[in-house]
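Multiple structures follow.
Presented sequentially are two complexes of chain A, the first with chain B as partner and the second with chain C.
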Partner chain A sequence: MTSLIIRRIRDMVVVLVFVTTAMFFILHSIPGSPAIAILGQEASAEQIAALNHELGFDKPLLAQYLSFMGHAFRGDLGYSVSQSGGVMHAVLSYLGPTLLIATSATVLGVLVAVPLAVRTVSRPRSLLSRFLMGASSFGLAIPSFWLALILVLLLAVRTRVFPVTGYVSPLESPARAASFLALPIIVIMAHQVALLVITLRESLAAEMLNPYVRTARAKGASERRVMYRHVLPNGLLPAVTVIGGNFGSLLGGVVIIETVFLIPGIGYLLYGGVQARDYNLILGITIITAALIVLVNLAVDLVYAVLDPRVRLQ
Partner chain B sequence: MIRPLRQRPRALARAITAIIAAVALVGCTGTSTSGGGTPVKGGTVTAALSGDPQTLDTGLATGQLSQIPGQNIFEQLFARDKKFNPQPMLAKSFELSKDRRTYTIPLREGITFHNGAKLTSADVKASIERWLEISATGQQVSKDVDALETPDDLTFVIKLKRPRYSLIADLAWTVQAAIILPADIAKAAGKSPLKNEQVIGTGPYKLDSYKAGQRIQLVRFDEYKSLDQDFGGFAGKKTAHADKLVFVFVADASQRLNGLKTGQWDWVQEINGDDIDAAKKDSSLTVRASAVKYSNVLLLNSDDSSAFASVDARQAMNTLLDKEEIAKATFGPSWLWKPLNGALAATSNAALYTKAGIESFPGGDPDAAKALFKKAGVGSKPIRILTSKTYPYMYQWAVAAQAALKDIGIPSKVSVFDFPTMYERLGTSPGSWDLSVTYLSGMAGSPGQIPWFGKEQPGSYYRGDYGSTVDTLLAKYQDSTSAEEANGVMGELQTKFYETMPGVPLGGVSAVGVYSAKLTVPNDFTYVLWSAYKTN
Partner chain C sequence: MSTPVTTAARRIAQEWHRNRSFIVWFTVLVLLIVVSIAGPWVLPSPSSQELAIRLQGPSLDHVLGTDDYGRDILSRVVSAGRISLGLSALITMLAVGLGSVVGLVAGFYTGTSSILMRIMDSLMAFPAIVLAIALVVALSSKPGALAETIALTVVFTPYVARVVRSRALTISQRGFVTAARAAGVRGVRILVVHVLPNALPTIMVQATFVCASALLADASLSFLGLGVAPPTPTWGNMIADAKPYISSSPLFIVAPGTAIVIAVMAFNLAGDGIRSLVDPRAKAVLNLQARERRQAKDSGIRGSQAASPPHQ
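Now for the complex of A and B:
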């Protein structure tokens, strides 16, 4: 187990250097510059060049790269032009809402998806099961921004159950925080639940064919016990990969959802960074997100080891 | 029928009551034309901008994102009134010498900066020096400036090498404006954008906090010294009713409208063109045309590698496009743009508005256009159209141009980029595009501020005969001695523009003000919020 962790940390460093280098050169090859974002569309080419010079973005690319990497290795991700401050500070201050949304949507998604998936497997021909499978395909197919705008129209503009956009910290007011977070979490959950129901249904259905299910039933176990005590733990493994992968993506920030709902999370910060061509900020978010995803993958591997003794033996 | 005598006093009383009520109603109606009710002091006005301005330095930034919050903080020596004429703001007046080369500008007394310092001519001198260096208009002015002097604390003198008719209009111009800062800040900031702690002006609101990416909060500046006379527009009396002006950044236009409908904010920067009519019918909202107008244009690249290198090809494009049809399809409701005309300054901008040379503006003659394109040898290679979906209307114009070209059998290819990318390609890759899109302010204070005459728009057109003629006419404009003479020169410039056709004007369109019916915006420029107030 310890060697697995050490190996993963070593891999993480390699991944981060590779990702940072690739991202640095891709970013700088895209047209646009921080000066255009600041000066606006009526600025002349000379004014844009002058401001880029003031901001230090006209230095040779290799010199900028080496300077960035040198600082990054010392834990300094540089200065964010759009945030007027350190990148690390900006990312950390925007991490809270993203963590909250990612965790809430994932936990709630699992709590909703597992019983639904079990239901579709235990009574596959029932009307509810058929509806759930149809709804899951629909949930996977619809774009999240469309669902977000429809929900806003129905639940915020027409009926005014929830606010349209915004964010309040749970530390400030848990009730208000819940009302602001409800719609974005529902939108993210819709996709999560749909994916989990479909994934779990496949793996649970495969487990149902194993002899131990027949044995359990022969021993007189109730259908509920058969499903939750015997089939579910074994069928859960593929779902853990899906849950881990999704959670990692959510930590990288749900750009569209956070932007539509004005949630000051990593996705919203990234959107602003791209609009402002804030190279250091985009790189900083990329590095921290990549690190988080590697860590989540490590956690998934560890959970695997807990759930499946065969992995531990390997 | 004759009424009994005893009833007459009651009837008279009723009549008097009715008259008083009617007068009262008329009075109420009079104050509610731009929103409603008696001005209420206090409260917060929340405005949704379409993005984070990145900087509040309106001396450096050109965009409205910076201008909308920034104009509440900073002031200039002169400001434009509701008819776009310059009026003294921080200046008390000005005196022009007989040789028209020396402007003596006395300053208003007792003006206080947000940091508590008093305004002096040293602040004005340092601010104008910065403006001459960083602003496009300032850079034009600097060529004519001989010296800036401060004979005493409240007098500022500009000495010119040659007369400059537009100087006061230049000082009042709002894009990269000549904002007045404390001298130490103006010197320290130099060419860089002002940092948040340097955002110190003399306006009715001061910066309280700027949380990048999220919100800007301004609070009323209680020591603000207002002028008594209200000139409208950006000039004259400013009464800050609200305690706070808060600007939030909402990128999605639908969400801006949704938040306005539910009362999350009181004012929005812009909404989708398709939503304007429905919003106008919504009794909870006020939707009205602003006095501020924009000119929508197609940029034609006159680089040698471009399909529009020849005048014939450029004239062909103007002849081809039916401007009225494009306006109907893409400009929003007709009350925002009718009557359509091709003048380079808006009709409300009387100093520069002229009809000279615009006869060919309407277009819509495909046969004539086809012949001109044939004469220019255009049609074998696809015309490369560069556009952006960052501003949806820009994409719509590109598609409209493509459809018109297709109708006469000329192939074209539309490439879509985000706005900064598109804008950079226009300047850095002149060989990669033929036609692009943009919009320009119709409110310029002098011809030099119109990009077609100021060398600021990419497109390589400012060369040869066009460039030299424009330079001569701009010099002639600056030598004008009367408004009529200056307007005549503007007519000559506009005629030269239409002869050369460096771009195709699609027509002017009003900005649209969209805000809560509970908010009153007592200004013809609907994005001026310093006097806005809310009533229940």
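Now for the complex of A and C:
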């Protein structure tokens, strides 16, 4: 187990170095100097040279890279022009709302999806099951930002159940925060539940074909007990991988809908960075979100190893 | 006498019985493609403006109403389909082509696997849309179809490569590959003649899923103003255009979104259909359903009660 953790952490560091290197060179291969993008086409040659010097863009690319990596290892991701401050500081101060939406949508999504998936397998021909399968395919196909806009129209503009856009920190006022976060969480959850119902249904259906199900029934276990005690623990394993593997697209979904709901999270920050052509900020955000995903995958692998001894012993 | 046509018809009839949703969604897919190719010739021009009739509801002249410049929404949705579906198809071909080559090589020449797959893993470590946004910004000062195509190809290639690699790895251990090796067939030839054809079903399934994801990513990028720019319509930039008029003319925003949902569902479910023919896990679900159906028929009672085992 310890060797597995060490091996996985080593892999994680390698991937992170790769990721940082790749993003650095991609974003620094931009045609035209970042200073022109910041100052505009009308800037004089001296102004551009001065800003390039100030930002360190006049040094050779390799020197820039080594200095960037050196700082990155110490948690310094450079200076953000649009935020007038450190990239790390900016990203960390905008990370809260994004993570709050992502984690609550995942937890609530699992709580909703597991009983629904069990239902679709134990009664595959019931109306509810058929409806759920259709609804899940629908949920996977719906673009998050469009669903967000439609829900805003129906629940915020027309009926005024929820506020239209904005954000209040849960530390300030939990009740108001919940009302602002309800729609974004519902939007992200819809996708999460759809994905989980589809995956779980498949893995539970595959588990149902195993002989241990017959044994359990033969010894007189109730159908509920067979499902929750025998089939579900085995069928949940693939779902853990799916939740982990989907964390990236979940985060991506949150990033997009933050621009719809005007929530001050990573997506909002990224959108501002794109508008301002703030390359350091874009680079920082991509690296930190990648680090988050790698961390989540590590956690998932470890959870998997705890749940399934076969993985641990390999 | 069985001609190829009657055989095909019988196959389809059998498939219909077993897997209705595949046939339905495959038909929808074909229809979507036909409409977006032929539609712009039949419908009024998507760019003819009549400011006098802006933001109107549905009428006989404009079935889905008009947008903020008085342009016909139906025409715009259909020609946006041409752009969005066309771009997604192009991205899919590039990503699937590139991903298959990487996957096949990494799966067959296992020595290359650690480097190739590390690169793929690194690309997959980013949230897809965040990577796409960063790439579009990096690739050009003005976003457009080319930057989007390159960005999304880079984003989706690793997903294909990973699946194809694991399939190629399995195939490479099969007897016929060993036999070909023993017979002295060159490595490249084994890869192309023996491994590739056996990996094709997997690659095709991946292609449908990549296409669905590419449609959604294209919509997100053009919604954020990082894809094809207006006045050329795409489903994503139409939604962005419609955003300010969401409560006064809801059809303007509902129409392109519905088009995305239908197209993505068609690709996903057609892909599921192909997968259920080749993947044992997906088959398990179909078998379970078929068994329940049989049981329901045998006991002569319709509905779900007969299908589920008695509760205690």
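Rule of thumb we're sticking to: the second predicted complex is superposed on the first by the 269 of 314 C-alpha atoms of A that agree within 3 Å, B and C clash if a C-alpha of one lies under 4 Å from a C-alpha of the other, contacts with A are read in each partner's own complex, and residues count from 1 in each chain.
Definition applied: a residue touches a chain if its C-beta (ideal position, glycine included) is under 8 Å from a C-beta of that chain, and two chains touch if they have at least 3 such contacts.
Bear in mind that the values here come from a model prediction, so they are computed numbers and not experimental data.
Q: Under the stated touch criterion, which partner chain does A:Arg277 make contact with: chain B (first), chain C (second), both, or neither?
A: Once the two structures are laid over each other on A, A:Arg277 reaches both partners.
Q: Identify the partner contact of A:Leu153: answer first if only chain B is touched, second if only chain C is, both if each is, neither if none is.
A: It touches chain B and chain C both.
Q: Quick one: is A:Ala50 in contact with chain B, with chain C, with both, or with neither? Answer first, second, both or neither.
A: first
Q: With both complexes superposed on chain A, which partner does A:Thr259 reach: first (chain B), second (chain C), both or neither?
A: both
Q: Which chain, chain B or chain C, is in touch with more residues of chain A?
A: On the superposition, C touches more of the residues of chain A.
Q: Identify the partner contact of A:Val19: answer first if only chain B is touched, second if only chain C is, both if each is, neither if none is.
A: The answer is second: A:Val19 touches chain C but not chain B.
Q: Kindly classify A:Leu251 by the partners it touches after superposition: chain B alone (first), chain C alone (second), both, or neither?
A: The answer is second: A:Leu251 touches chain C but not chain B.
Q: Would you check which partner chain A:Leu62 touches, where first means chain B only, second means chain C only, and both and neither mean what they say?
A: neither
Q: Where on chain A do the contacts from chain B and from chain C line up?
A: 30-32, 37, 149, 152-153, 157, 259, 271, 277
Q: Quick one: which bits of chain B touch chain A in the complex? Just the residue numbers, please.
A: 51-52, 54-55, 60-66, 134, 136, 175-176, 191-193, 195-196, 212-214, 248-252, 254-255, 258-259, 261-262, 264, 417-421, 423-425, 427-428, 438, 440-441, 451, 455-456, 458
Q: Name, in rising order, each residue of chain A that touches chain B in their complex.
A: Going through chain A, the ones touching chain B are 30-33, 36-45, 47-48, 50-51, 54-55, 80-85, 90, 149, 152-153, 156-157, 160, 163-166, 259-260, 262, 264, 268-269, 271-272, 275-277.
Q: Flag every residue of chain C that touches chain A in the complex, lowest number first.
A: 118-119, 121-131, 133-135, 137-141, 212, 216, 219-220, 223-224, 226, 236, 239, 243, 246-247, 250, 253-254, 257, 260-262, 264-265, 268-269, 281-282, 284-285, 287-289, 292-293, 296, 303-304, 307-312
Q: Could you list, by residue number, the parts of chain A that touch chain C in their complex?
A: 14-16, 18-19, 22-23, 26-27, 29-32, 37, 121-127, 129, 137-138, 140-146, 149-150, 152-153, 157-158, 201-203, 205-206, 208-209, 217, 220, 222-224, 248-249, 251-253, 255-256, 259, 270-271, 274, 277, 279, 282-283, 285-286, 289-290, 293-294
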